[in-house]
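The structures come next, written out as C-alpha cells.
In the two assemblies presented below, chain A is common to both, partnered first by chain B and then by chain C.
Showing the complex of A and B:
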C-alpha cells in the first residue's frame, strides 16, 4: 500500500487525498483559512504551507538512493507547498510546522502579512472566540506587529443584504463567501472587488445579497468580516452553550446547533451531516430561534365565559379528562401534527387507543413550488413522513375540515391549523377545542383549553424528514420543570455552571411553564385510572421501535452515533409486526 | 441614460464568444468594447455587459474593478497617465506631472472642465529606458518628456491627433 511520511511517521493511504485534508483526518493540524472541504481549492490564503519532498529512486534499478548516513535521499520540492492542493503521493515526505523550523517561520510570516491591514478589534468583534484568524494567530502567529504605518481603511458596517453585514477591514480575502455563492448556492451574488490591499467581497452595484442561504457565508467566514445582522452583538460565543438539534422549519431536517444563553436560543447554525445538509442550512431555518423564545404558550389556559384565563396544571388535567369523558367517542377527533415529533404523535395515538378512539388524523403542510431541490423543501413541516409511518389517517385539508365540523371535541396537537388556513373560527364554533401548543397563535386563541408543551429545543424527540431519515433533537433550553444539572443530555455553559439563581444574568422568566406532551398525557391518563407510563422521548422511541415495523431498529443511541437513521421506504404504512 | 450596444458591437462579441470554450473569458474584451463605445464601464455598463454575455453581474463587476485600465467613472476624452515611479521620478516625472497640472489647471486625478483631459499619476508602465513618460488613454506612450513635448502633445490632442507609436532603440553597447 502506498505510504506517506508526515513528520517522521509513516501513514498508509488509499485513493486520492489532498494533503491538508489527509493531515486533518489524522487528527493533526496545519493552519489554514481559505480551504473548505465542500468547495473548490483556490490556495489563496497561503497559510497551510508545508515542506514536501519525495524519496529519490534510481531510474535504472528502481531502488531508493541512499546517502552517506544510510538514509533515503529526499528530493525536496523547490518551494514550500500549500498543503490544501497537494495530492498525497506514494513515498512523499512532509514536514509540517511541528517538526520544521522553516515551515513554522513561513506560517508565522504569512500571518504577519495577513494581519498587516487587519484591524485587530477582537474585543468588539463578534467572531472573537470562534475566529480561525484569532486562534491561529495565537498558535502560529508573530508575537507583535512590526507594521508601524497607517493601516488601509475600507468600508465598515456595509449591509450587504437583509441578513449579512460586512466589515471589509477585517476581511482577509479568502474568497470562501464568493465561492459559496458560486458553487453551493449558485446565486453568484458575491465577488471580490478591486485588488491588492483594497479588495473585499461585495455584491454587484445596486444589488442585494438576498441569497436564501446567505448566512452560511457568515459561518464559513474565517474572520469577523461577515456577521449576521440579527445575531450581531447579542452574545459572546463563550457565554453560550451549543446543543445539537434538528431544523424544524422544513422537511429536510437540516442538522443544526442551538446556541443558548440563559435559556434563550440566540442563534442557530448548521451542523455537518454529509447525508443531509453537508455544512449548510437555509436562512429561514435560523429564524426559527424565535419560535423557541418568543410568544410561547406558558401555563395552561382555559376559556371561561368566552375569555381565556390562566389555569393550573391540576385544573388542566382534570378538565382534559372531564371533556374526554363527557363526549361520545364518535364525537371526539384527535388531530396529530406533522409539526410535532414522532414521539409526541405516538403518545397522542397511544392515548387515543387507550380510551378507545380512532387513531389521530393529520394533514400535511406543503407549499407547492417552495422547494429548491437543495435544502428548502415544499414540505413546511419536519415530520410529515413520521406521522404517515405511525399509521395516522392522512387527510387533505378539505377532508380534515369536514371531520372537524362533524366532531364535538377536537384535540389538536401543535399544528396551527387556523393560522395556516385549514380551519377557520366558524368550523370550530360550538366545539370544545383542546390545543396542545408550543406557541400562542390564532389557533390557540380559539381554544377552550390550551396546554403548553415543550418545543424541539426543550425535549429529546425525533423527526422523519422528506427522505425518510429519522433524526433527533436534544433539550437545549430548560423549562420550569427541568434542570440542566440533573438532565445529563443537556449541555452546561459557563454561565450555567457557575451562575446561581441569584445572579443578575439568570432570568427565571426565560424558562417556559410547559410540559412534554408525554408527561401531560401520562398524568392525565393516570388521573383517570388508565395505565400509562411514558417518561422520556428515549423510552417512547424504544417502545415505538418495538411495536412498529416501520421504526424497527431505531434507537437514540444509533441515531446519535450515525447522525440519524435512513428508514427503508418500503415499510411506508406497515403497522405492528 | 440607457446604455446599449450597437449591432456591430454585438456581432463582435458573438465572434469573441466563438473563440473560447466558455463565455467567462469574453468578459475582458467585451468590457473593452463597452469602454470604447461609452468611454467608461460604470455600473450600468457593467450590467449591460453581464446581460449581453449572460454572466453574473457580480462577476463582471469583480473583473471591471480589478483592472485600473477600465474606467469605473466618466473620464476626460484623453486620459494622461503620467508615470512617477522610480526611473521617471529620477528623470523628472514629478516635474512633468506638475507642469501638466499647471497647464491644464487641474489637480492629479481630476478632469478639465471641457472634459478633454484627465490627469493621473501612475506607477511603472515598463518604459524606464525612455523616462519620463506618459500614456494616453490606455494606448500609445509618449516618451522622453520635456515641457515642450508636453505642449506639443496637448495641442495635437486638442486638434484630434493621437500620438503616434514611437519606436526607440535601446542604448547600444559597443563591443570592443
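Showing the complex of A and C:
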C-alpha cells in the first residue's frame, strides 16, 4: 500500500487525500484558516505551510537512492507547500511544525502578517474563546509584534443583512464567507471588495445579505469579522454549556448544539453530521432558541368560570383523570403531534390504549413550496414520519376538524392547531380541551386544562426526519424538577459547576415549571390505578423498539454512536411484532 | 565575450514603414505570408507539430518576463478533443518601466495577430483572446479595427483561406489591475471574475480558461513567431545572446536623452543601450542606477554594469533579471529612498489581497519606507524591511509578493548608505 511519512512516522493510505485533511484525520495538527472541508480550497491564508519532499528513486533500477549515512535521499520541493492543496502521494515525506524549524518559522511569520492589521480587540470580540486566530496565535504565533506603524482602518459595525454584522478590520480575508454563498447556499450575495490590505467581504451595493443560511458564515468565520446581530454581546462562549441536540423547526432535523447559560438557550449552532446537514443549518432553526426561553407554559392552568387560572399539579392530575372518566369513550379524541417526539406520541397512544380508547390521530404541518431542496423542508414539523410510524391515524386538516367537532373531550399534544388555522374557537365550543403545551399560544388560551410539558431542550427524546432518520436530543436546561448535577446526560459548564444560588449568574428564575409528558401521564395513570411506569425517554425508546417492528434496533446508544439511525424506508406503517 | 552586432540589425517587428498598422500596407510588405504558408504549404509544414517544433527550435524565450521557451510551452497542450481550446494573449503590460507591447499595438498590430494565428493553428486552438490593459483605450480600439480588417480579409473566421481551420479572435479590456497581467489571474478576469491568481497545478495547459486547455503568451512573444516562421528558427537563433536569442523590444525610460522602445538583438551591453541607443544621460549627468527589466527586477548600481549584457545569464551574474527588458535609467540626482518608496507603493496598491504575506507585507513595507522617507525611520527599520522581504518571498500563490520583495531587498542592500543617511541616528552608542 502507498505510504506517506509525516514527521518521521509512516502512514499507509488509500485513495485521494489532501495533506492537511489527512494530517487532521490522524489526530495531528497543522494550523490553518481558509481551508474548510466542505468547500473549495483557495490556499490563500498561507498558514498551513509544511515542508514536503519525495524519496528519490533511481531512474534505471527503480531502487531508492541512498545517501552516505544509509538514509533514503529526499528531494525537497523548492518552496514550503500549503498542505491544504497538496495531494498525498506515495513516498512523500512531510515535515510539519512539530519537527521542522523552517516550517515553524514560516507559520510564525504568517501569523505576524495576519496580526499586523488585526485590531486585537479580543476582550470585546464575540469570537474570543472560540477563535481559530486567537488559539493559533497562542500556539504558533510570534511573542510580540514588530509592527510600529498605523494599522489599516476599514468599516466597522456594518449591518450586512438582517442577521449578520461585519467588522471589516477583524477580517483576515480567508474568503470562507464568500465561498459559502457561492458554493453552499448559492446566493452569491457576498464578494470581496477592494484590493490588497484594504479588501473585505461585502454585498453588492444596495443589496442585503438576507441569505436564508447567512448565519453559517458567522460560524465559519475564523475571526470575529462576521457576528450574529442577535447573539453579539450576549455571552462569552466560555460561560455557556454546549449540548448536542436536533433542530425541531422543520423536517430535516439538522444536528445542532444548544448553547445555554443559566438555563436559557442563548444560541443554536449547527453540529457536523455528514448524513444530514454537513456543517450547516438554516437561519430559521437558530431563531428557535426563543421557543425554549420565551412565552413558556409554566405551571398548570385550569379554566374556572371561563377564565384560566393557575392550578397545582395535583389538581391538574385529578382533573385530567376526572375528565377521562366522565366522558364516554367514543366522545374522547386524542390528538398526537408531529411537533412532539416519538416518545411523547408513544406515551399518549399507550395511555389511550390502557384506558381503552382509539389510537391518537394527527395532522401534518406541511407548507408546500417552502422547502429549498437543501436544509429547509416543506414539512414544518420535526417528527411527521415518527407519528406515522407509530401507527397514528393521519388525517388531513378537514378530517381532523370534523373529528374534533364530533368529540366532547379533546386531548391535544403540543400542536398549536388554532394558531395554524386547522381549528377555530367555534370548533372547540362546548368541548373540554386538555392541552399538553410547551408554549403559550392562541390554542392554549382556549384550553380548559393546560399542562406544561418539557421542550426538546429539557428532555431526551427522538425525532424521525423527512428522510426517515431517527435522531435524539439531550436535556440542555433544567426545569423546576431536574438537577444538572444529578442528571448524567446534562452538561455542566463552568458557571454551573462553580456558581451557587447566591450568584447572580446561576438563578432559579429561568427554570420552567413543567414536566416531561411521560411523567405526567405515568402519575395520572398511577393515580387512577393503572399500571404504567415510564420514567425516561431512554426507557420508552427501549420499549418502542421492542414492540414496534418499524423501530426495531433503535436505541439511544446507537443513535449517539452513529449520529442517528437511518430507518428502513419501506416500513411505511407500524406493525406490532 | 563576443559582443553582439546590434548596429547592423534591421528591425522586423517595428520596421520603419509608414502606415504599417493598415492591413493593406502590412500585406504589401509580406504580411500574412507566414500564416498562409503554415496553412497551405504542406511540404514545408506537413502538420501542426512541425510548426511547434520550429518555434521550439527557435527558443523564443517568453518576453513577458518569465523567459520560458514558447514552443516548449505550446507542446504542453494536450491533444485536441474537438472541444474549445484557447489562446490568451497577454497585453496587460502593467509593470512600471514596461511599455513595449503598446508599440506593437500601435505600429504593427498585424505582426502580432499573424503570430497569434500561427500559434492558434499549431495548437489547434478555437478561440483567441487578447487581453489589453484598460488604460490602453486607444490601442484597444486600434486592435479591434485591426482584427476586424483581418476578419474582412479572411485571415480570421471560418475556413481561413480555404483551409478547414477556423478560429475566432476577441479583444478583452482590462480594468486597471496590475495583477490581471499574471497569467492565471488574467484567465479569471477573462471569465468575468475577480482577478485572483489561481493555484498551480493544475496548469493552464491542462485546465485554463473555463476549465479548458489554454496557452498564455505575451504579445511580443507571439509577434516573434511570425518572423520565426518567415525567416526560420536558424535566423532567429543567430541573433543576439546564445541562451536568450532573437530581437527584443527594449523599453528605455528615465534620465536619458532619447527614451523609447527600440528593437535590437538580445545580449546588447547595457551601457551601449544607455549611451548609444538612448543617446546618453540627460544633461550629461552621471549614471547612478538601472532597473533592467521593469520595476520588479533588482536594481543595479552603475558600477555593476561594466560588461553586463541584456540577457538572463549575464544579468544573473550581478544579481538581476531581464524581466520585460524595460530599462529604468536613473542619474546621480535620483533619491533611491524615494524611488523605492514609489515602487513599494505601487506593489501595495496592486496586491490583490488574496495571500496573507503579500496582502499584509506590501502594506507594511510601504509604511516603513514612508517613515524612512520622512526622516523618521531608524536603522533597525532597514533590517526589519529585509526581514519582511524574506517572510514574503516564495510563500504566496503568484509571484507578486516576490516582485514586491525584490526591489526592497536589493535597493536597500545596494544603496544601504543612502537609506541609513535618511534614518535617525541610533540612540544607542555602539561600543
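By definition in this document, the second predicted complex is superposed on the first by the 576 of 577 C-alpha atoms of A that agree within 3 Å, B and C clash if a C-alpha of one lies under 4 Å from a C-alpha of the other, contacts with A are read in each partner's own complex, and residues count from 1 in each chain.
One rule holds in what follows: a contact is a pair of C-beta atoms (placed from the backbone, for glycine too) under 8 Å apart; a residue touches a chain by one contact, two chains touch by 3 or more.
Small disclaimer: the values here were computed from a predicted structure and weren't measured.
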So if we stack both complexes on chain A, do chain B and chain C clash, or do they fit?
clash
For A:555 in the superposed arrangement: first (chain B), second (chain C), both or neither?
neither
Quick one: classify A:510 as touching chain B (first), chain C (second), both or neither.
neither
Who does A:150 touch here: chain B (first), chain C (second), both, or neither?
second
Would you check which partner chain A:195 touches, where first means chain B only, second means chain C only, and both and neither mean what they say?
both
Now for A:528: first (chain B), second (chain C), both, or neither, which partner does it touch?
neither
Residues of chain A touched: more by chain B or chain C?
C
Contacts of A:207 with chain B and chain C, given as first, second, both or neither:
first
Overlapping segment of chain C (options 60-68, 186-194 or 348-356) - the one that collides with chain B in the superposed model:
186-194
Under the contact rule defined above, give the chain A residues that sit at the interface with chain B and also at the interface with chain C.
191-192, 194-195
Can you list the residues on chain A that touch chain B in the complex?
178, 181, 188-195, 202-207
Per the touch rule, the chain A residues reaching chain C in their complex are 41-47, 49, 78-80, 85, 106, 109-110, 112-114, 116-117, 146-147, 149-150, 152, 172-173, 175, 191-192, 194-199
Residue numbers on chain B that touch chain A, as the complex places them:
43, 46-47, 50, 56-62, 65-66
Which stretch or stretches of chain C touch chain A in the complex?
177, 179, 194, 199, 348-364, 367-368, 371, 384, 387, 391, 394-397
